[in-house]
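Before anything else, here is the set of structures, which you'll find just below.
Next come two complexes, and both contain subunit A; in the first it sits with subunit B, in the second with subunit C.
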Partner chain A sequence: MIHSPLLQVSDLCVQFGAFTAVNPVSFDLNEGETLGLVGESGSGKSSLARAILRLVPATGVVLWKSENILACSHQRLRRLRRDLSIIFQDPLASLNPRMQVGDLLAEPLHIFEPALSHNERQRRILKMLDRVGLHANMLTQYPHEFSGGQCQRIGVARAMMLQPQLLVCDEPVSSLDVSIQGQIVNLLVDLQIEFNTAMLFISHNMAVVRHISDRVLVMYRGQLVESASCDTLFAAPVHPYTRALLAAVPVIGATAARPSAML
Partner chain B sequence: MQPVLNIKQLDVKFKQSTGVVHAVRQVTLSLGLGECLGVVGESGSGKTQAFMAVMGILEKNALVQGSIQFEGREILGASPTTLNRIRGAKLTMVFQDPMSSLTPHLTIGTQMAEVLVVHQKESWGNAERAALQMLDQVRVPEAARRLKCYPHELSGGMRQRVMIGMSLLCKPSVLIADEPTTALDVTVQAQIIKLLQEMRAELGLSLVLISHDLAIVSGLADTIAVMYAGRIVEQSSGGNIFQHAKHPYTVALLKCTSDLASPRLDRLPTLQGFPPDLTQELPGCDFAARCSRASEICRRVRPELSAATFEYRSLDAQSAHPVACHHPYES
Partner chain C sequence: MSIARAIDTLILMSRYLFKRLSAAIPTLFIIITAAFFLIHAAPGGPFDQEQRLPSQIVANLDTAFGLNQPLSVQYVRYMVALAHGDFGPSFKYKDYSVTELIVQGLPVTATLGVLAMLVALSFGVMMGTFAALRHNTAPDQATMLLAVIGIAVPSFVLLPFLGLIFGIYLHWLPVAGWESGSIRHLILPVFALALPPMSAIARLTRSNMLEVLRTPYVRTAFAKGLPRYLVIIRHALKPALVPVVGFLAPAVASILTGSLVVESIAGLPGIGRYLVQGALNRDYSLVLGMVILYSTVLILMGLVVDLLYAWLDPRVRLN
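This part shows the complex of A and B:
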């Protein structure tokens, strides 16, 4: 049986004034699959991710289960967003500083499942809080009272509250300590398996991308320059930019940055 | 030979409404001429605070004790006038975020020239010529045009080059780079590390490289100090610490630092638990609660750094490898 992809992006363009952030880009994403997206700052990774969720204006077609996200009505878009979720790089900046953790987690439920009883809502919130490794007594605390890693756990909990079918992660571990990065990545993988969520995982940390992805897209100056299965890309990169990117990754114990890695 | 920077039993405490945070605890470090010292640890390990103390730029609620000698002179407790002659000239620091370290409403040229006008009483004309030369030296393309740019017109990598160039204008003997590449892309990161390395060779600079990423530090540092909860827990020559890490914390940190050379795993290795509350003084080892090798003695008796002073010139691979642990890994 042939499944049609969950998400089909074709000829997606993002333009800010005279500046083209994303040149025509096309790719598919299947159910439960993790697609890594790598490239340097300014290569258009975030613009691409935001365009898919219609958070920035874009042209082209983004088919979500054969419905064009870019062309549907705002009412319809709101309904679709129940299944589309995003986690940002800066965990503290993406949480409302004036809301307690409990309210932050309740908000998606209030919006998309208003019929839920108070007790049922609390049950779901507590279950998710436990799931991401936070304590129930944190419900009444504010974001600034948490460390970066804990804030990102709250961000993950909020994004996964409605068990979305697509989760976009925009540099979710870049601002975290090495020792914490692994915890967040493992948590994302666990939740993904549990809810069968497809993931678009943006990062410039190549080791993390290699760990988490099934397939990887490489962007350079707004264009897709390479797309391959994770193992193929890391074993035999074809595009010169991909090679340079991989060569620039620091290796523990290596004595010097290698000149070949310079762009 | 005298080390250019000599830190002895440095303590930094911050008074807060919730108690006294003891951020840096009995840190002893020395930096030789032309040497590169790497300081590694998680957020909150005190690595930045220790070197903010060296620069004398801590918040007002900080209490600093111990000794900091720069080129043979005690600078801890020195007057602001004395410090201002040294800071930014002989002893400089580059920070993580190159955007917030540059003044947004002044051109790159003005900001750079100002350093020479203030410290060396140069004329603005001469200072700007020197700034141009320096931008060339830190490999900023089209340097003359960039001098007229404002910080927001440059990319993150270019801004960090400008910061490094600015810190080198007065030919300092010591440059402290605090997470200089953390905010940058992998490819740009490699360029900045290469630049630091070249500047070190060209100018005979002594370098302190502070980072949470062992892989980055490993490329540059002659000696590495690993900090945990305000203390140095292990110190060794650069290459040695990776092959022969002794402290369980260093070993755990190394496991978390995945690179492309290690095999692809089902789960990423993590470090469980949290660092201790720095307002408390634990009787035993600060890492004991998270340590797989901890025994009863670890919770009762604090392990001292096995060799109290680390002589940078006596880097005999095995002999000079102090570690603060009751049950270190054998190398």
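This part shows the complex of A and C:
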């Protein structure tokens, strides 16, 4: 059976003044698929992620179920956001410090399911809170009372509240310590399978990307330099930058035996 | 649980208010003491005139008002009377006590001041938000130009100018007068009084709103699919207002001093003129009465500001 892709990005460009953050970039994303996006800092990963959801101005075409996100009306865009979710890099800064966690989580329900009764809304929030491993008594607390990992769990709960079809993860674990990183990644993967959500997972952590991705895109200076299935990419990288990136992964115990690849 | 929480908040709140208000008493005491000795240190006295009065009459007046006694005795007598709520007689407005003068004029000044404050706050915040949302466009620059003019043009220029246009050429509004607080008479003075703080608030709101609009949590709010007005009202306005709240006390001070000029020009029977006139006339009790009134207003304003901070940011705890 041939699916048309859920998300089709073609010739996407992001320009900040004279600086080009993303040069024409094109790729597809299928239903339920996990696409890894790797590259060094400043390579345009985050700009690309935000451009897809039209959070920064961009040119090109982003087809979501054959509807161009970049060209639709603002009202239409807001309605689409129900299915398009994003998790940001800085978990604490991405939560409004003046709102209780319960209110933050209720907000998506208020907008997209306004007919919900108070009790039903509360039930949905508690269920999601439990699903991401937080306690019900945290609902009346404020974001600054939580650890980074807990904040990102709140971020995940907020993003998955309406069971979106696409989840963009913009380096969701890079500001967390390693033991917490694994928990959050596993949580994301579990929820993704449960809701059959397609995921664009951005990271500079090669191990995490390798662990969860079906396919991997490699970005360098605003351009996609390589796109391959996860196994192929890690087994036989084609582009010199990809090789350099893989070689840069520190290996425990390795001394002089490391392959040296430089650009 | 929410009721218990509300009661807790209420208890906490009243305890806090009690603490703050009792701390205000020593502050007031110091202000009154300093003002008392400063005004008495100024050369001259209340009964000095171009035409010198016969020395016997001056001596009699001094005796009647207790001015012939040592300053320390006068100070103690004043403070004791004050503790009983007696602000003393005015030295210049014969047969009036300071309390009578203030009670007569205060409603006018208070009406004018409160209205000016409300206008300054509401329009200032609206203008600032509007400009921030249209950052670097012509409407933004026009709003900010207006704000600069508002800060730069003094009210003694603005009010006659407005009176000329709206009163004399267009015949829309009266130029001056009070007529027991009719709205038409209030519009021009309120606007003239509100314009400088309004302009400052507009500029403050704009710059803070611009900063807040770039924060990650506002980005999150947009990503959630909130319509723009809700992002502004629910997520951006409160943090953008924090510095504006800090400006409230200076704004009240600016309105209090501004009322002197505006009331004189518009011929309003307020108390704005008493502080300066009283100081020039060496009307000791009137000056002190005004100092006490203004200090109390500013101290209360400081308290309001701290309560607003706590409301705007739940991380601020009242202790």
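Keep this in mind: the second predicted complex is superposed on the first by the 255 of 263 C-alpha atoms of A that agree within 3 Å, B and C clash if a C-alpha of one lies under 4 Å from a C-alpha of the other, contacts with A are read in each partner's own complex, and residues count from 1 in each chain.
Keep in mind that, in the parts below, contacts are C-beta pairs under 8 Å (C-beta built on N, C-alpha and C of every residue); 3 or more make two chains touch, one makes a residue touch a chain.
None of these values were measured; they are calculated from a predicted model.
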* Put subunit B and subunit C onto subunit A via the superposition and say whether they clash or fit. => fit
* Partner chain(s) touched by A:R210 [first = subunit B, second = subunit C, both, neither] -> first
* Asked: In the superposed arrangement, does A:V251 touch subunit B (first), subunit C (second), both or neither?
  -> first
* Asked: Looking at the overlay, what does A:K127 touch: subunit B (first), subunit C (second), both, or neither?
  -> neither
* Quick one: name whichever of subunit B and subunit C touches more residues of subunit A. => B
* Asked: Looking at the overlay, does A:N96 come into contact with subunit B only (first), subunit C only (second), both, or neither?
  -> second
* Which holds for A:S41: it touches subunit B only (first), subunit C only (second), both, or neither? -> first
* Asked: Which of the two partners, first being subunit B and second being subunit C, lies in contact with A:G182: first, second, both, or neither?
  -> first
* Structure fact -> To the nearest 10 degrees, subunit B and subunit C lie apart, as seen from the C-alpha centre of subunit A, by 80
* Report for A:R79: first if it touches subunit B alone, second if subunit C alone, otherwise both or neither. => second
* Asked: Looking at the superposed set of three chains, what is the minimum CA distance between subunit B and subunit C in Å?
  -> 12
* To do: Starting from the residues of subunit A touching subunit B, keep only those that also touch subunit C in the other complex, and list them.
  => none
* To do: Please name which positions on subunit C make contact with subunit A in the complex.
  => 215-217, 219-228, 230, 234-235, 238-239, 312-315
* Any idea which subunit A residues touch subunit C in the complex? -> 53, 55, 74, 78-82, 85-86, 88, 90, 93-100, 107-108, 111-112, 142, 144, 158
* **subunit A contact footprint on subunit B (complex, rising order)** => 42-43, 155-156, 184-191, 193-194, 197, 212-216, 218-220, 238-239, 242-243, 252-254, 256-261, 264-265, 267-271, 274
* Mind pulling up the subunit A residues that touch subunit B in the complex? -> 40-42, 147-148, 177-183, 185-186, 189, 204-208, 210-211, 234, 244-246, 248-259, 261-263
